[in-house]
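The following pair of complexes shares a single chain, subunit A, combined with subunit B in the former and subunit C in the latter.
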Partner chain A sequence: MSTEADIAILGAGPAGANAALAADQAGARVLLVDDQPGPGGQVWRGKSAAILEAPPTPESRSGDALRRAIAASGMGHLSDSRVWTIERGDAGWHLHLADGAGQRRRINTRSLILAPGAREYVQPLPGWTLPGCIGLAGATAMMKRDLLPAGKRVVVCGTGPLVFFVASEIRRLGGGVAAIITANSRSDWLRTLPALASRPGLAARGALWIADLITAGVPILWRHTVTRIAGSERVQSVEVRRVDADWTPVGAPLFIEADACCIGHGLVPNSEPASLAGLKPRFDRKAGYWAPQAKPDGTTAIPSLFLCGDGAGIRGAAAAEIHGRLAGLSAAHSLGFGPGPDNALHLRYLKATRFGAAMETLSHPRPGLAALTTPETPVCRCENISRLALETEIASGAASVMAVKSGIRAGMGACGGRFCGTAVARILAAANGRSESEVPPATARPPLCPVSIATLAGDFRYEDLPIRKPAPL
Partner chain B sequence: MTSNPDIIVIGGGIMGASTALRLAEGGMHPLLLERGDIGQGASGVNAGTLSLQIKRVALMDYALRGYDLWRSMGAAVGFHCTGGYTLAFTPDEAEMLETRQRLKREAGAPIRFVTPAELRIAEPLLSDKVVAASHCPLDGYANSSLTGQYFRTRLKQAAIPYREACAVEIIHRDDPGFTLQTTQGRFQTPRILLAAGGWLAPMTDMLGTPLPVHARINTVTVTERLPRLTTTVIGHATGLLTMKQKPNGTMLIGGGWQGQGTPWEGRGRVSAESVIGNLALARFVLPALGTARALRSWTGFEAHVPDFYPLAGALPSIEGAFVLGCVRGGYTIGPYIGRLMGDFILGREPELPLFDPGRRFEEN
Partner chain C sequence: MRLVRDQSHLIRRRPAIRFTFDGGMVEGHEGESVAAALWRAGLLGLRQAPDRGGPRGLFCCMGLCQECVVRLDGHLVESCRLTVSEGLILSRTEQGL
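Up next, the complex of A and B:
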């Protein structure tokens, strides 16, 4: 089955959905593809269809407005559809999809907008693979979908604003927060004040979260980190220590009982779709990650390829919305639809990035973060590869992410290195005294996510097998 | 440590590394230069099949000796002897299988024909549409992912210096000797061995002795870990499928389906149509694969010349320049032909004849 489009958009979060709406309004034939049941992405994820009614939140209101706009538009929308590979053709792009019903589909599109979003970085630490320990982003996704709190006595740990959002959502949904542990200091936050002032609405919401948490007596341990998560079958307690300005744990340990631990250390762009499309990622020294490059108008080094939102560098949902519009207008204009983006939108985008960039600064990795990963800590979860095993392989001469992967299978499991790739590269760089910019990620390979062989194989008639000339005898 | 090599080996795959090891054993001082990581080109991304049933008749002696070397490397390269079946599903395929396997048996591979009923006892989950099958008890596989780790260790043990991420950009003839300009500076050497696989062609061009080296872009796919479905190496009479389930339960599926790209643009691109065709055939042969998920597909460059026989010998009319590559079945044969090449450079009589790169190439 194949579908034609002028512009296909991968990802229906704030960036992709707005790109689709802008390109659709400009008159292009648009197809929006997303792996979730409905548009909204991670930040505006809709609640499960099994939940009929729930009090609205700012996220659900934004998401609902977006879902209504997409439904009212004439655009094509394929939900529950995973793009497993991207190919460049003579006259555009081919997206290969597998949908939730097990059907394979091909989209032929003149231009392609990638809005793949981000994933969470969690610094591996002892006990992080215990049931009950989840990422901050994973926790928000579950709470938005199921409206269930992460636990009754949750330790929320990490960097950036997400710790406060997760903690206040846990309380709003009836759960309990044992403590908030953040490596950021109050002065880290004070430095973001000028940027916070540019988004007074969001800043006020953040202040309300913190006020609520303080009123409720939830301890907030600034410049602290969880150093160990303990429990026999699942999370039972966490070990917490103070950190210095570099985030190196220094203080005496204290212990907090918990039934869950939500932990995260910032976001990392999903760079694999752009890599498959031929766009090489570049290393962002401050942010500590590899990101494919897009200009503010969403254009890239490849003429018919556009990229927007956190997938091009973490700038947050508000910036992603505008970046999406810009990319949608640029893509449409390049095909002769609409006038293209105007200056005012550009300026709004640049202003919005200030807030997102300031929030991201809070999670820029500092040297001490790596100390959380003890030699025995599994770094590659799929294949259970410890930091010690990685360092042993590196000491034996494995000098690249690919070499480490081949030698001991780090990143060869079901996640394809998406969870451990950043940590492996950082360990490799540190062990060899090199900059992370000299340690590029492993070559992106399809499928972008595991796909059923029955889906890929489809209906196959043996007679149609393309028998080539037999191998030379 | 790299001051005075008496030969520079360009290419750190199985063939380059095996030759370097042989040369060092013979008292020479090779330096090995590799544009990427040791053993990460075709040597490290092929499907690892060690099957005598798919080797060329004229290369069978080389394959049998190469096979013995892999067996002796053992666990360090993930060697497993499982036996293997090659399957035919139509009368035409059965006839082709019969003809070809008979010749391979005469060439020394212990291949016999089995009935579909015998096959079903050995591999009960395979399709019941098989009309003919052959079996070779020696067939098996090694884990090509371990090639880099293995040869890096061997090179270090033999105190052979090597440089990774060192791409040769210009080869200049000094008469005598050569100067190489690389991404890590200049190197002088009296002798060179070109063992650069899919990257060979421009090197022979630079030396003024162009060779018609082309690269096929073979695709391999791996599944998630599965319950035990097969215990042997499975092949198809046309060569369009090789399939083996590894000890960890993952299924490795290949068969020479073609990807896109050139060695100059990176590691090659996977073609969706090829993956779809390859997996459709795999599922036809092993229906239980339908419920499995494919985790990852990748490509590797397999170099060849028009007659699909190796290049192994001295480059014509250039004193001190040698070439080794384009060996069909190069994973199996590589360690052995590297030894032969080393012996030749050392001035010894190789145990089996080499393949003159100066021959006339005719389409096979």
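Up next, the complex of A and C:
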């Protein structure tokens, strides 16, 4: 089954959904494709159909407004649909996807806007594979969709603002927080005050979360990290240590009982779709991660390819909304629809990036955190490959993420390297005394997501194979 | 005193129904994610990782990590992307993926 569009948009978070709305309003025939049950992305994820009634939150209100706008526009929208490869054609792009029913579909589009968002980085540590240990981003997904708190005695650990949001949501939804363990110090937070002042509403919410945790007597351990998660079949306790300015764990361990542990260390742009489309990621020295590059107006080095939101660099939801609109207007204009982006929107975008960039700096792992990954810690979860196994392979001559992947399968499992790729690159850089900027991520290959052979085959029949006449004897 | 109120009593869900996981009955609400229903029931370990990598369960909760896969009609499905419905029959995967 194939569908035609002027502009296809991959990803329906704040960036992609707003790109679609802007291009649609400019008069282009758009098609919005997303792998989640509804628009909103991770930050504005909608509630499951099981929820009949629940108190609204600022996130649910923003998400609901976006979902209403998309429904009202009447634009083409495929949810629960996973694009597994992107091909460049003579007159545009071909997206191959599996829809919610597992049916194979193809989208032919003149221009393509990528808004793939970001994923969480979790520094591998002993016990992080135990059931009951989930990402901070994962915890927010479960709480936004199913309104289910992670537990009654949850240790919330990590960096940046997400620890306080997760802890507060656990309490709001009837769960309990045993402790908050954050590598950030109070002075790290003080340094973000100029950025916080630009978003007084969010800053006030953050202050309320922290005040609530303090009045409730929930311990907040600044400048600390969980160094080990323990339990036989599931999370039962965590080991915690102080960290120095570089976030290297130091000092005597203390132990906290827990029924779950939510942990995360910032976000990493999802660079694979852009990479597959021919836009290779570059190392952003200031931010400290690899990301495909887009201009503020969403244009890229490839004329019919546009990129917006956190997938082009972590700048947060508010910036992503505007970046999406800019990319939508740019893409529409390049096909002759609408006037294109204007200067005022540009300026609003640049202003909005400051807050997101400050939060990203707060969250970004400092070098000392790498010490969490002990030699026995599984780094590649899918293939169960430890840091020691990686370092042995590197010592034997594997000099790139690709070499390590083909050598011992790190990153070749079901997640496609989404959860170990960054850690593997950092281990490689450290082992060879190189900078992270010299260790590019693995080359993106299809499929971008797990896809069944039946879906790949589609309605192919063996009899359809062209068979040449046998050569005359 | 609480500055962030416990709002759990203000949440109304569809009536509970039952589905099968690994031969046992699990309660869940129609339309919620299977992962959430299993988590609420205390079923955190969903599979064993290869090479004696130990028990695994829900991790990214958004369809990326593949840790929470279960078996449905012979196919592997992420339980975080699957919704609860009456009569759903799921089993654990064999070792690994």
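One rule holds for everything that comes next: the second predicted complex is superposed on the first by the 465 of 473 C-alpha atoms of A that agree within 3 Å, B and C clash if a C-alpha of one lies under 4 Å from a C-alpha of the other, contacts with A are read in each partner's own complex, and residues count from 1 in each chain.
In this text, a residue touches a chain if its C-beta (ideal position, glycine included) is under 8 Å from a C-beta of that chain, and two chains touch if they have at least 3 such contacts.
None of these values were measured; they are calculated from a predicted model.
With both complexes brought onto subunit A, simultaneous placement of subunit B and subunit C is permitted, the two fitting side by side without a clash.
In the superposition on chain A, A:402 makes contact with subunit B only, while subunit C stays out of contact range.
When the two complexes are overlaid on their common chain A, residue A:450 makes contact with subunit B and with subunit C alike. When the two structures are aligned on the shared chain, A:460 is found in touch with subunit B, with no touch to subunit C.
By the touch criterion defined above, A:414 reaches both subunit B and subunit C.
In the superposition on chain A, no contact is made by A:38 with either subunit B or subunit C. Legend: residue contacts after superposition of the two complexes on their common chain; A:138 is shown touching subunit C, with no touch to subunit B.
Of the two partner chains placed by the overlay, only subunit C lies in contact with A:233; subunit B stays clear of it. Figure note: vertex subunit A, arms to subunit B and subunit C, all at CA centres after fitting on chain A; angle 90 degrees, rounded to a multiple of 10. Between subunit B and subunit C, more residues of subunit A are touched by C.
Of the two partner chains, subunit C is the only one that A:168 touches; subunit B does not reach it. Of all Cα pairs spanning subunit B and subunit C in the superposition, the closest are 5 Å apart.
According to the touch criterion, the shared surface of subunit A, contacted by subunit B in one complex and subunit C in the other, consists of residues 413-414, 450, 452. Residues 35-36, 42, 48-55, 80, 119-120, 129-135, 137-139, 141-142, 145-150, 168, 171-174, 208-209, 211-212, 215-216, 233-235, 378, 381-384, 413-415, 418-419, 449-450, 452 of subunit A are the ones touching subunit C in the complex.
Subunit B contributes residues 36-40, 44, 54, 56-57, 89, 96, 100, 103, 129, 145-149, 152-153, 156, 164-165, 223-224, 238-240, 256, 266-267, 269-272, 275-277, 279-284, 289-298, 308, 328, 364 to its touches with subunit A in the complex. The touching residues of subunit A, when paired with subunit B in their complex, are 84-85, 87, 94, 96, 104, 106, 393, 396-400, 402-403, 405-407, 409, 412-414, 416, 443, 445-447, 450-454, 456-458, 460, 462, 465-468, 470-473. Across the complex, subunit C meets subunit A through its residues 1-14, 28-33, 35-36, 39-40, 44-46, 49-67, 69, 75-76, 80-81, 83-84, 97.
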